[in-house]
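Here come two complexes built around chain A, the first alongside chain B, the second alongside chain C.
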Partner chain A sequence: MTATEKRLIELAAERFSADANLLTPGQDFFEALGIKSIQALDLLTDLEDEFDIEIPDYEMQGVNTFAALAALIDKRA
Partner chain B sequence: MVEWMLQNGIWEVKMSAPPCNEIGLEMLSALESFVGEAEASDAHSVIIYSGLESGFSAGADLKSLYSEVSGGWDEAKRGQLSDFLSRIHSVFNRLDMLPQTVICSIHRVCFGGGFELALCGDIRVAEKTARFAFPELRLGIIPCFGGIPRLERDIGNAMVRDLLLTGRSIRATKAAEIGLVTHVVPRGEGLAAARAVANQTGKFDPEARRSCKQFLKLLPTERLEEEKRVALRLFQSDVVINALKKFVESDDVRPYLP
Partner chain C sequence: MLTLDRLQCLGEALRDAMVTYKSNIALIEADRKRESARLTYREVRAEALRITALLQQYQVRPGDRCAILMSNQSKWLISAAGALWTGATLVPLDYKLTAPEQLALMLHCQPRALIIEYPVWRKLRELDLSGLAQTNILVTEAPDSDTLPAAVRWETSPGQAPEEVDGQRDDVACVVYSSGTGGTPKGCQLTHQNYLAQAQVLGRMYPMAESDRYFSILPTNHAIDFMCGFLVPFLMGAAVVHQRTLRPQFLGPTMKKYEVSHMALVPMLLKTLESRIRDALDELPSAQRQVIDTLIKVNDYATRREPNHALSSRILKPLHDRFGGRLKYIFCGGAFVDRGPAEFFYRIGIPVAIGYGLTEAGTVLTVNDLKPFRGDTVGKPVQGTQIEIRHPNEEGVGEVWAKGPTVMKGYLDEPELTNDAIIDGWLRTGDLGQFDPSGHLKLRGRAKNMIVTEGGKNIYPEDIEAAFDGLAGCEEFAVFAANYIWPAATMTGEQLTAVLRPAAGEAITSECLDDLRIRNGRLADFKRVTSYIVWSEEFPRTASLKVKRNVLSRHIAEAMTRDSLKELAQ
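Entry: the complex of A and B
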């Protein structure tokens, strides 16, 4: 697990009261966290704040897994 | 769904129409009633906020719009849409020009028509959770509640083009960087911060405060009329009906992501 994936999973678990130990990079984060679009926007805000980056939400199209989201963060960092 | 009360010179307007304060005929009528009362009052401030956890407002009531136009456009429907937009423009213009200082407290979703409502305010307070977007181009239209001229009035045109032409959403801190909001506060603190702003503005001489607002904040009348004309022309396309159908019938967990 990369450092970004680890931090992303920690943040997501904290935001949505999930157990970080049960989350893995390959999981679909919508399914794993049981969230919908509006909560995904909250997560996006948390990530932008945490990593001090901007992620245009159109770049999240087709991004489903924690790993893919972490890669997107790394690309913008 | 929309309640307002006057206390210590401050009107507090609370929107609570689930799922996320969609703006349709009911919301429009409520805003018209409120603005009439506010215009006739000697209050110093107005605070507009949402009582819903989901956010400030997700914009126009697209479900109602789709149910009206799903069978296709005809002269009567075009007339109804034109009347609706005229009423929205009228009440938003009156809200924009109220003698009071209008403060919008915004959290989470502030999209489309909801963003346009927030742009009528004089001072915008955003909780860190707030996100702002104009996703209208996804539907084959442009913002049509006066949002573009008001956005142009408040921020630089490069950012206006970015927001409109990509439909992307931006967070509160970015909104502050570009001058769209002037207070960013922690989650759950928006209303308290808005009340502090209202109490501060209320200390000033009423005539000086009103004159200052009148001098600073002009209504971009011609651009508002032009926006309405362009929107009405775009609305008549089948592209809009198909896009509305997709939006309304979608069970995708991520419809807010453009």
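Entry: the complex of A and C
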């Protein structure tokens, strides 16, 4: 697990009251966290604050695993 | 408003505006925590001229096409003005399409230049772009670490001076795709005349003061934002506010900070905003709620003949403050507008101007003039536009045909499609409607095989059929708008249905349905089929083996009722 994936999973678990130990990078975060796309955008806002980056909303299209989201952050960081 | 009658082209109109209003703020770009750009018209003109020179350096000549593929931002409008001043035709493309869909449209229109935002380019360049060998690519905001092989940085200083080239009224200003990401591309060729005529009419009906600010939320490639969020505010010296994110929590603060006065929404967003306000009202203590309800009634009575923003924003200040306090108008279109949310907003003193139009006819054919407000119609034909109801039934409902200065020249490289759509100068809209005694148009359904989602997306069944090619255990299949088979007097809740034909004498298999479900799930949610029917007869086809959709749909309607639709689990 990369450092970005680890931090991302921690933040996601915190926001949506999930157990970070049960989350893995390859999981579909919509399913694992039981969230919808609008909540995923809230998570994106948290991530932008944490990593001090800005990601266009449409970049989230087709992104559904923690690993893919972490890759998106790494590209912008 | 500038006098547009004497002008020949959009480039000339934009140049006049930028000179006339040179000291006014033209563009504000708000990112999440900071304002990333604020430009006067003078500064916009200087930047746009730089793009003109850059495009000319990369061989863009009058009549060439220049595609733009960007989310809403100041660089979109700057690039558009710069491209228009080369005499090129703009091709605004939808950044929300998938990269293969974007490529398909560009292969069709073969732009000489493509101006593209870096994250979109990163996806597009993974595809085989050999079909775009003649296209010069300008990429915005690319990081220094990317060497951008085969592309140029948008920020590059040109090596030559710009030479402004004006077009003629009848020249094509834009090619706007109304469909065709999977089937035949329908590139609507809209002339300078189309845009100037529409801007003149809308500018008179809904004038903007130089102090007004339009919040650009709908994609700028969409006809509504291109007109209401670019041409009209620019031609009136008002400002356009962009924000890269449209996450709800960032909208309200931006509206307040920048004192937004105008915005355009699709019906789905209007509904979302309505339900948020209703929820907030429901949470109020009952005494406070009663006061608000009474004030809404007072406002309703005071504005029964026409809107009065100054009064409404005082009477209902807490509600108006939710939208920044200065919001005067919401333009709504792109899909059918339910009267409920529109009437709700009017009652709280924020009029919703409901319009009706097609990409094939600029922005709007009809629009509500708000004198008085009518939430149950799409308004009256705009000045210069004629609307006729052809082949009306006994209730007066027939197909809406339109003629006027905003009707397109035709579809790019598709003379047959053009001849089907425009007959003796009249555009067949494919929508069903009727006029009420006061001359307002009411839409009553569709005569064409397509649906429009509440989000304003036009979905043509032909465009998504490719996703189901080779469907397991199925001899033939076709996708239809259910309302095309069984005409319904409604413009909402439209759905796509798959017609499946198994081999002769066999039933449809669970393997086929599973395959349908899996492939359906891969489509964007608004493109998905939601039901199916099983049909046992061979599909009627033309000599070139295309399915005769009108004949097949008639046969189905004669043999089955709408109740035969089986729900397709998602």
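The working rule: the second predicted complex is superposed on the first by the 77 of 77 C-alpha atoms of A that agree within 3 Å, B and C clash if a C-alpha of one lies under 4 Å from a C-alpha of the other, contacts with A are read in each partner's own complex, and residues count from 1 in each chain.
What we mean here is this: a residue touches a chain if its C-beta (ideal position, glycine included) is under 8 Å from a C-beta of that chain, and two chains touch if they have at least 3 such contacts.
Every value quoted in this text rests on a predicted model; they were computed, and no experiment measured them.
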After lining both complexes up on chain A, report clash or fit for chain B versus chain C.
clash
Considering only the touch criterion stated at the top, classify A:A40 as touching first (chain B), second (chain C), both, or neither.
first
Go through the superposed model and pick first if A:N21 touches only chain B, second if only chain C, both, or neither.
neither
Taking the superposition as given, does A:F30 touch the first partner, chain B, the second, chain C, both, or neither?
first
Chain touching more of chain A, residue-wise (chain B, chain C):
B
Look at A:E48 in the shared chain and tell me whether it touches chain B only, chain C only, both, or neither; answer first, second, both or neither.
both
So the chain A residues that chain B and chain C both touch are 38, 41-42, 44-45, 48, 54, 56-58, 61
Which of the residues in chain A come into contact with chain C in the complex?
38, 41-42, 44-45, 48, 54, 56-59, 61
Within the complex, chain B is touched by chain A residues 30, 35-38, 40-42, 44-45, 48-49, 54, 56-58, 60-61
Considering only the defined contacts, which chain B positions touch chain A in the complex?
20, 54-55, 108-109, 128-129, 131, 133, 166-174, 252-258
Which residues of chain C touch chain A in the complex?
31-32, 71, 95-96, 117, 119, 244-249
